[in-house]
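What follows is a group of structures, each given as structure tokens.
In the two complexes that follow, chain A is the common piece, with chain B as its partner first and chain C second.
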Partner chain A sequence: MSALGNPNRLHPMHLAMVVPVQALLIATIFLPSMYVFWLSLNESSFGVAPKFVGLRNYIEVLSDPYFWRAFVNTAIVINIVVYLELALGMAMALLFATGIPFRKTMISIVLAPYAISEVAAVVMWRFMLDPSIGMVSQTLTALGLPTIEWSVVPAHGLAVICALSVWLHLPFTFLILYAARLAIPADLYEAARIDGASPWRQFIHITVPVLMPAILVAVLFRYIFAFRMFSEVWLVTGGGPARSTEVLAVYLYQEAFRYNEFGIASATGWLMVAGSILLAIPYLRSLYKRTLTDA
Partner chain B sequence: MRRPLYLKVLRGLALLAIAFWSAFPIALVVMSSFKPARDIFVFPPTWAFAPTLQNYAGLWLRWPDFFRTLGNSLIVTLGATALAVIVSAMAGYVYSRKRNPYLAGSAFFMIFVRLFPPIVVTLPLFPLVNALRLNDTHLILVILYATFFVSMGTMILKAFVDQIPRELDEAAMVDGAGVWSVFWRVILPLSAQGMIAVGVFVFVYAWNEFLFAFIFTTSTAKTAPLVLSEMTGAVDGVEWGVLFAATTVQLVPVLLFVLLAQKYLIAGLTAGATKG
Partner chain C sequence: MNTVAPVLRRRSFLAGSAAIIAGSALPAAAQAKTLTAFGHRVHQTVATTGPGGDATSAWRQAAGFDINWVTLGDVNAINERLLRELTLPETSFDLAFLLNGRAVPRNLRLFEPLDAFQREAPIEDFDDISAGLVAPMRLDGALHAIPMRHATNALVYNEALFEERGIKLPANFEEFVDAAKKLTFTRPDGTQVYGLAFTAVFASNFLSVARAFDGDYMTGDMKVTCDLPSMVKPMEALAELFKAGAIPRNFATVNNEEITTWMQQGRAAMTINPYARLVSYNDPALSRYPGKIKASVMPMTAELAGKTPYASTTEYWSFAIPRNSKNKRATWDLIRSLSSKAGTLAQARNGNGPVRVSTYADPAFASMLPYAAAEAVALRTARIHLPAFDNQARAHDVFVEESQAAVLGMKPAARAMEDAAKRVRAML
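Right, the complex of A and B next:
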């Protein structure tokens, strides 16, 4: 084996080829985040010199009812969205795996929302749900049911945000589960059938355990991404009425760019970073094992 | 497999419901963009109407800025896609071929840093970008969009390069090729599929992104999704027909792109997400 081909020998060129990725991450994400940490320990605003205040910003954030409102909203929305996507994505993956007509066309159709921007999706859903002209509201009225007042009733606003988010991200969850389901060898089910296992028992004893890694990936990724949700909320309710439908990212945006409370916003930012890391601990553990222990 | 009739009917209904859920909102908006104003609000929605381009004419006349921002979206998207694919390919190659504790540490860092929510970095970047006079430029969006996809891009390309036999590198090295020329002449051509997969992800993200564009651009580099949101929030009432025309123009190119490239999208997702 030549020196260059030895996996343990690094040529300076190898390092040079890793530098661009690392430089982008350090300059645009890592250093700014460290600066945010410093900002979170200071009182600061536009054009005002920062003043060190220790943990006061954190105390202020944690005693702000709007923060807790945003926190609870985030917790509600991500749990509804992630588990609804998992249930629907799983049902669809299993249905598709049994062999369906027009499989290719159906997959294209299911994939379509992945291509749609949050803004365009909001246009669609606002049109369908508009209290006076929307077809959903008109259908509800025709059936004698109350309409969805998403700009007035906070619970309705959050429900619309959940529906919109599920619509946008279901393709991701579905694809991960479907690819994993297709990878299960058919003889596993064949053997179970010969042993007389019912479809339900096959699901519990074969499908779920074998799919578990894919389920964890889908759930984890969606938790982390749903946790930072901004556009859906900003474009549907703007966090209103009266800041009642804010999620954490919207709360942070309002504190920073509307109220110029950079210290408060930074403390919120670091609480969000900590939250993301906590959510990702199982993933980081397995990643650590794979990247660092076999090195 | 033989199935009882009731099961066949149930399965058919489930498939119809899935197709309806996924496609109806898109079809409705695209269809409505060709409807004359009086037909847009007809309930239940009519599929028989005389198609017209008057909404597109209205868009052209009243929102001339929209087409310029569409150009900005294209510039930013192509720039971010090219940058992310190139740097991810280089790093993916090294991570696939080399074992080294520092390298492994940097791979861990690469994924770890990606956990930081984008809204967090806007706080310090906002004044910094202003000081560097980068606000409202294409460049700042290109850098931000590429950065938020290089971690996943590198993992996807590492998975693709892992499948290229090392003997090919070895053979080229025996012929006297250096690191760069092995990468350029052996690895790159063979990982084209992976690069397309990464490209699709970045392209869709950059074309549709809202938050960074909202914070860092105001006019010169403003992207199309921002104009859509302005039209949605117009104080003097929403002009639905014109809004549908703009939405259609914004979504059709990327929708076609995703449908054409779906093979790569699925390959990339399975390589990057499940293994990354």
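Right, the complex of A and C next:
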């Protein structure tokens, strides 16, 4: 028996040992969140005292058509980005797991975009997609194809943002799935082969079920990260033309740091938190059930 | 032989620490009279570095103060940080640089009224400072800031491209539209040249075109006028140029750095930008057309030419003293020194846009900048693009959004301007 008594019983010392990290979380996350919530119930800007307005900021945000446009854009972008990344990440993880030449070099190449700053990546993509001198535009024109009008047609702008985001964040999904795939015992595939299972059936009945917890983790994290996407949109289109490619984080930024409407911005922030939680609940439930089932 | 490792005792550690702290405090005590200036990096550069010399040195020597410059490179970040400081009970910022677009009533109240200082120790020949720039810095009759640096927009053109295409400089707006179309062509090596290119994120750029029709988004007395023909017609003209390919396809997202490159490389024949950018457009180290890129005001329409003078759009920075500053009187003396004729000239020679009309008459300054005479003429009739009111930033963005929609053909110009008028009127 240890000095703290039965290790399976909660001792005050156990609680004391987690106090520092809990205090840190309260100081850096909980209290600022509560302050932002309080701000969301006030009309607040520089040079004027905050004035309590109840839920008026939430009503204003929810009745603003630009908020809903940003919401729809965000929903479109994150769904495309997350599932495209998942499909590509899975395909690459399986390809790498089967063994490819120069594996280490190839992994370095795949991970490279994760090491590039978003600003540098955007400058590079903007240059490649320049309508008159960009190599992508030049190639499309040479092939007799229409060019990508990313600064004129909102759908093209959103497509470029999706492509850039997938390119930047694919290594994250790939790494999670690749590590999980390497952990699957080879015996399972060998047994399936002996039983005459085709590669497709092996994928459906072995790979996907065993990888599912890793897939859920990857999807959940990418949903949360993509939901607050800012720099890709801000640096590529700035939310334009005519605010047509704005996403929620850009909407929030404009309200807070351009118009200095901190009440509206805080309400937008809390609505984004609520949206993230709603998005995460099905994945968290599924992950929780699987974890308990496996336990 | 046994050696004894030196042991750091608690008493010696504390004594050492105290000595270090006391030592580090000494230079601070020696430089106790320090005044902090907060603004853009360019404000520090023009005040202290260049052919005009250090414009602050005379004041520093006389007053016995040092200046601690705190600068950032992004206008939004500067304003955000400044306003955050101003709402604190006390700030270490003594001299602030305020952009006219942010000089709205809500913000101006956070700065010290300067009339008492001006009565007690007036700025030399104050009336020499452009009156059109001083007026927006007044709130309820009280002066809150002193203009110090302007950027007045011009129609910048590449003379060599005009000569190459055999086109004469436009005498009126209709000829300007025609020239923009004729200057749009593809070189044999595939390089696309655009007749007109400018950034679409500033209302002042659209307005620089509209002023050829004597148009305005809003008047100084807060009337929304963007739905009048004087604003609709220029938007239609720009939409026509975009449709004709004379304005680049990435018009809505192109930034000023890209425009600079295009002008230097001859990929754009005309742009709307401040006169001061001529220096980099003509930089022999970077430009393919050094000395060939020139500026003038936008020509008026044939109907108004010779009857109504063109009013350039201008933006400017001002000196201001935070209400919660601790060194107000010393800061005023620095402002007086920098705003004097000599101070303004020194900063102008360092690359500042001088707000004193008399500075342009200085032969040394005029010989330094080939565009000085043209800019002086433009400054005489220049007006800001929007009046100051608390929702100005939001209104600005509405005008930009609807103007972009009109030019890109997302909406007919008349409807876009009607929508803008309706939305901005609701804010007033």
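Operating definition for what follows: the second predicted complex is superposed on the first by the 254 of 295 C-alpha atoms of A that agree within 3 Å, B and C clash if a C-alpha of one lies under 4 Å from a C-alpha of the other, contacts with A are read in each partner's own complex, and residues count from 1 in each chain.
Assume a residue touches a chain if its C-beta (ideal position, glycine included) is under 8 Å from a C-beta of that chain, and two chains touch if they have at least 3 such contacts.
For clarity, every value in this text was computed on a predicted model and none was experimentally measured.
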item: Chain B versus chain C as contact partner of A:T237, first or second or both or neither; value: second
item: Touching partner for A:I277 - first (chain B), second (chain C), both, neither; value: first
item: Which of chain B and chain C A:P113 touches, first, second, both or neither; value: first
item: First (chain B), second (chain C), both or neither touched by A:M17; value: first
item: First (chain B), second (chain C), both or neither touched by A:A155; value: neither
item: Partner chain in contact with A:A179 - chain B first, chain C second, else both or neither; value: first
item: Most chain A residues touched (candidates chain B, chain C); value: B
item: Which of chain B and chain C A:N8 touches, first, second, both or neither; value: first
item: Contacts of A:F257 with chain B and chain C, given as first, second, both or neither; value: both
item: Which superposed partner A:I204 touches (first chain B, second chain C, both, neither); value: neither
item: Footprint overlap on chain A, where chain B in one structure and chain C in the other make contact; value: 46, 126, 133, 257
item: Parts of chain B lying in touch with chain A, wherever the complex brings them together; value: 1, 11, 14-15, 18-19, 21-23, 25-26, 28-29, 32, 41, 43-45, 86-88, 90-91, 93-95, 97-101, 103-128, 143-144, 146-148, 150-151, 154, 166, 169-170, 173-174, 178-180, 182-183, 204, 207-211, 215, 225, 228-229, 232, 240, 243-244, 247, 250-251, 254-255, 257-259, 262, 265-266, 269-270, 273-274
item: Chain C-facing residues of chain A, complex; value: 45-48, 126, 130-133, 147, 149-152, 236-238, 240-244, 254, 257-260
item: In the complex, chain C residues that touch chain A; value: 76, 80, 83-84, 86-87, 106-107, 109-110, 191-192, 200-201, 248-254, 267, 391, 393-394, 397, 401-402, 404-405, 408, 410
item: Chain A to chain B touching residues, read off their complex; value: 1-2, 4-5, 7-8, 10-11, 13-14, 17-18, 20-22, 24-26, 28-30, 32-33, 35-36, 39, 46, 92, 95, 98-101, 106-128, 133, 135, 138, 167, 170-172, 175-176, 179-180, 213-214, 217, 221, 224, 227-228, 230-231, 234-235, 249, 252-253, 256-257, 262, 265-266, 269-270, 272-273, 276-277, 280, 284, 287-288, 291-292, 294-295
